[in-house]
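What follows is a pair of complexes built around chain A, which joins chain B in one and chain C in the other.
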Partner chain A sequence: MTQALPQGRLYESQKLALWYFWVALALFGAQVLFGLLAAWQYLDPNFLYGKLNFMTNRMLHINAMIVWLLLGFMGGVYWFLPLELGREVVGIRLARFAFFTLIAAVGIVVLVYLLVQYGPGNAFTLWLITEGREYIEAPRWADLGIVAVMAIFLYNVVATALKAQRITGVVAVLMFDLVALAGLYTAGMHYTPNISMDQYFWWWVVHLWVEATWEVLVGSIMAMALMHLLGTPRRIVETWLYLEVALVFGTGILGLGHHYFWIGTPEYWLGLGGFFSALEPIPLVAMVVHAVYDAGMHRMHTVNQPALFWAIAQAFGNFIGAGVWGFMQTLPQINLYSHGTQLAPAHGHLAFFGAYVTAILTVIYMALHQVRRPELARFDSKLWKWAFVLMVVGIFGMSAAMTVSGFTQTMVERAIGGSTWQAYIDAQQHPWFQNGMVWRFVFGVFFLVSYLLLLWDLVTIGKGEARAVKGVGAHDQ
Partner chain B sequence: MTSEAVRDLMLYGMLMVSAAGFYAMFYALGRMLERPSIVTFSYLFAALQALGALGMILPNYLDPFWKYLIAFSSLVYLFVPQGMWWVVTTFHEKEHAL
Partner chain C sequence: MEIGWIETTVGALFATVVLTLWLSRGSGWLEPRFWRNAAVVSSLIMTGVLAYLTIDSLNQIREGSARVPAYAVINKEIGLKRDYEKRRDIPVIGEEVGFFGKVWSEEEAYALVNKGKMTLQSRNCMDCHTLLGNGAYFAPDLTRAWLDPKWETMVKGMTGKASKEEAMAAWLQHPDRYPTSVRRMPNLGLTDEEAMALVAFLKWMSAIDTNGFPDRFAGVQ
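Entry: the complex of A and B
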């Protein structure tokens, strides 16, 4: 088992992790807010037109999501790493420097997005305003900054493990994953005037980065979380982690071929991508059995109920978002009609929430527990249940509404109308599409309320019995 | 591919995978709580899963390659809960016996 500090004391790395968590939560709020503005602009396209255009809101909504999840993951690793290796993180000053640099860079990029928005489409725009690549619009200088921050992060993990002379299975997986995480992002900076090649490398970042390296990263974090939350033996979580890595490589990476359908890649990707994507939900169904077993073994009893519920939501959310909503549109015969409709964000919202948001919230509740309450004391509140239920209802409501709209687009615009401009207009004016957009906004408001409740709960939970958290000096090592 | 075919494939695909998930969930719950009635109830979802697969396989929408793929997936889903339950319980028993 891992070595922990005496009660009430934190490693410097864990203190830094708390900073990561709070900034991540603030950006989560920005994601929700800009998403809501974009959702309203679907209903009233003139709203804020010329001031804060739809494209800007959408860009901020998506990029805020990517950055806050990344910060949450990094916070999770900085939280668990010293517990896993039994010592302080080696480059803690470097880690702090990277954190504040990243925050400053994010602030500058957001201001540029808000105040400048777009440029003439030359090197100046590419380097200083936006790269214009969907989901990874960050200007080139910020891209390089992200890679540098990830490299520092990787160095800290590797150097700490070497210094501790202890490399656990989880840490080994984490190290290999971080190499891929830093490396694959560079594919998004590859410049070529050939749009097919450009799209090919862009897909690598969006999908191999988010669907492969993030999946393994969150798997490593959840493995460490489960050891501390439920006391699951290391051998079990590490075996599951290896299994997950094998599955990601076995079905996930080649399954990403379903994204290659539309970018001029050879025809064999239809069969290859479709085959492995069709098999992708199978391990997710298997994980449902394991989640039920784990929850049942502990009879849902733990001192940290909110963390347990978010952990269980992670297993089910991953299955529903990635498995069900993914499979529904993954066969090439269907994807030909559904690609780029509202079905894609329906799948994206559920999958990102199910796989990543839930995991980060699990870790945050665990961290706050250690900060605010004795290890064996109950960490509970009434508010977290409301936030949990409303947030789950909100995300499902939004996704269901987008599914209806996307289904209408798939039928009216693509299958019946043959993707003509008129068919696009017909689909946009169809009552099912428009009602879907209304309900998406309504559930978006729902989600915003749940976010505010969650935030308030995170600020207050366990605080009534707060105790001082003493720092750990160098002499304590 | 007609619009009806696209609609049917999407809906049957959704039914197939979501029913597979409910089958796995209720099966594991029934075994966990030692309630054979819940395990029996889970077979309803197994049947729905197979029905979803048949909905994709029987019509003439897909080529044989895709039909075999869906038939194979459907067959695997039928045994995932039992297989996984065996793996999980055996693994945990061995671990706790150490």
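Entry: the complex of A and C
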């Protein structure tokens, strides 16, 4: 196969990556839309009551997010891998097959979610409609499909590295991480009537998968991005990546314990979970230091400003969303009262956006640059700054509003009211809670507008200017 | 077996640091090799500790253990008591009172709670409610739902049923008919059997020792 393609040409793997990106962006839109519907139902509980209930909107909201982020990550890897290894990805047809299979499966699952919504209380529902377990609601047939797609993905990365006879530090980290990524997902596929055991392994997917293996996956992608975006030397990038893995796994694996405070598990998790999760922000602080230093070294100059800005937003967003908002409620003494309140989605929104959305947008801007403009030409538009600023304001606004509501719940429902049904209702009707929900919706609309601006910018940026490259043509796919 | 968390923490961190330093002899701390060793060592040690703790935890949360009661607990009275030494509430299992007017054998209780859990998943309860504090936040937490005073003070009257479990089952089948707030639960078409099973599941769950969450539920003295 081709070694080091001539300037301006794309590897097949990169053309495929663009497909991944556009579908990811479409699902991002679906996530925002169903999120808004769910947010509106807080304000008007009768809206679509009995037809498209909160539970369905919310399920589509979080599942769209998981799938689009995964697609974004896979796109990012398919984009950078041939550049990293200097050769085409092997099994490109297999990769295409996996892509279309995944899209078809997602389409079927979404239709079932919308049209069928729920089923009888038996194994039929769990296999074909929904498993009904928050974040991993996908029916079991789709779960198996996701693992198969991840296995194909892992195979492609490993086989390409073996064929290229070149395993860089980044690729080594990536390979080990993908093994964990495919493996941990299977922990969420077991049924048991014992809710304590159910939750024990549920968190292996929701914490270890999302907070550990995804963090490392995004770290590998950002490492490759930084080498191309700022020309940071490999030695420095890889040292940072190792350091990040050491800290993320060193703190995050037992940091899992902060989810084991109240599910029936032994008391030692209170101490272990509290201690290790207090350490979890450390790698995130390290990344902020690194990002500021790196950007400062280059005086914020690069030909691809939007990508640089999203990369810096990634470092800060990850630290603030995952680190600060997470730490705020992670000690058992606080969590006893804040657990199960709007503080959790406040943290979730900020963390997912800060850690993952920003990273994928960085990579998409870099990919579009290579597709549409010569390598050393500036990649710029008037719109991207608006999209960037509004989106950051939107997500912070939503999170701040939910923080106020969550604080009200913590006090009124948990600390004073004794967590009963009536205490729940009292907290939900408290003006501070309700104002929070209004502002969450307002900033949600804000976010939708910024999403549309972003999408428009991604479609148009760099187009219409003279393209010095030939034979690309993949941008309109 | 009781594991001290401080010993575990200090031991895991100490082993990680010592092993990393030993493997990285001759490297400066800014070299890639040092941090590669640190990454591999910390991942392996923490995974090892997690594996060990998982085995211990699973033994402690097996149904029928001290923390997670056997399913036949649905036949018993369940309550909460403040443990002032530990400063938390613990579930207490009382007299045998039966459930839906009969005493269920261990196998029957298992089948019923199992059906309840399947029903819970099939109706996607966690995308509105929280259980053990996890889930969505659109509807009340169900961790101690069985012990909630509202069943006695309000729902029994609404549904005209004689016992709490019958009132709960009737309410679950027609939540749209018995509003308790502006936000109503939709009618999810539960069958008689599913409603009864769901109540059994909720009763069983309320007897799990959750390290005191939620604190002073319904104002436990």
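FYI, the second predicted complex is superposed on the first by the 461 of 477 C-alpha atoms of A that agree within 3 Å, B and C clash if a C-alpha of one lies under 4 Å from a C-alpha of the other, contacts with A are read in each partner's own complex, and residues count from 1 in each chain.
Everything that follows uses one rule, which is that contacts are C-beta pairs under 8 Å (C-beta built on N, C-alpha and C of every residue); 3 or more make two chains touch, one makes a residue touch a chain.
Source: prediction; values computed, not measured.
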Look at where chain B and chain C land on chain A after superposing the complexes, then choose clash or fit. fit
By the touch definition at the top of the document, which applies to A:290: first (chain B), second (chain C), both, or neither? first
Taking CA centres after the superposition, what's the angle at chain A between the directions to chain B and chain C, given in steps of 10 degrees? 80
Quick check for you: in the superposed arrangement, does A:282 touch first (chain B), second (chain C), both or neither? first
First (chain B), second (chain C), both or neither touched by A:271: both
Would you sort A:334 into first (chain B), second (chain C), both or neither based on which partner it touches? first
Chain A: partner with more touched residues, chain B or chain C: C
Quick check for you: in the superposed arrangement, does A:320 touch first (chain B), second (chain C), both or neither? first
So, A:134: does it touch chain B (first), chain C (second), both, or neither? second
Mind working out whether A:375 is in touch with chain B, chain C, both or neither, as first, second, both or neither? neither
Contact-wise, after the overlay, does A:235 reach chain B, chain C, both or neither (first, second, both, neither)? both
Quote the smallest CA-to-CA distance from chain B to chain C in the superposed model, rounded to whole Å. 6
For chain A, which residues lie in the overlap of the chain B contacts and the chain C contacts? 235, 239, 271, 275, 336-337, 414-415
For chain B, which residues count as touching chain A in their complex? 1-3, 6-7, 9-10, 13-14, 16-18, 20-21, 24-25, 27-29, 32-33, 61-62, 65-66, 69-70, 73, 76-77, 80-81, 83-85, 88-89, 91-92, 95
Quick check: in the complex, which residue numbers of chain A touch chain B? 233, 235-236, 239, 271, 274-275, 278-279, 281-282, 284-286, 288-290, 292-293, 296-297, 319-320, 323-324, 327-329, 331, 333-334, 336-338, 407, 410-411, 414-416
Chain A-facing residues of chain C, complex: 2-6, 8-9, 12, 16, 30-32, 35-36, 38-39, 41-43, 46-47, 49-50, 53-54, 56-58, 60-63, 67-68, 71, 110, 113-128, 130-141, 143-145, 148-150, 176, 180-184, 186-188, 191, 194, 197, 201, 205, 208-220
Would you mind writing out the residues of chain A in touch with chain C in their complex? 38, 41-42, 45, 49-50, 53-56, 58-59, 117-123, 125-126, 129-134, 137, 169, 173, 191-200, 202, 235, 238-239, 242-243, 245-247, 249-250, 253-254, 256, 259-272, 275-276, 336-337, 339-342, 344-345, 409, 414-415, 418-422, 424-425, 428-429
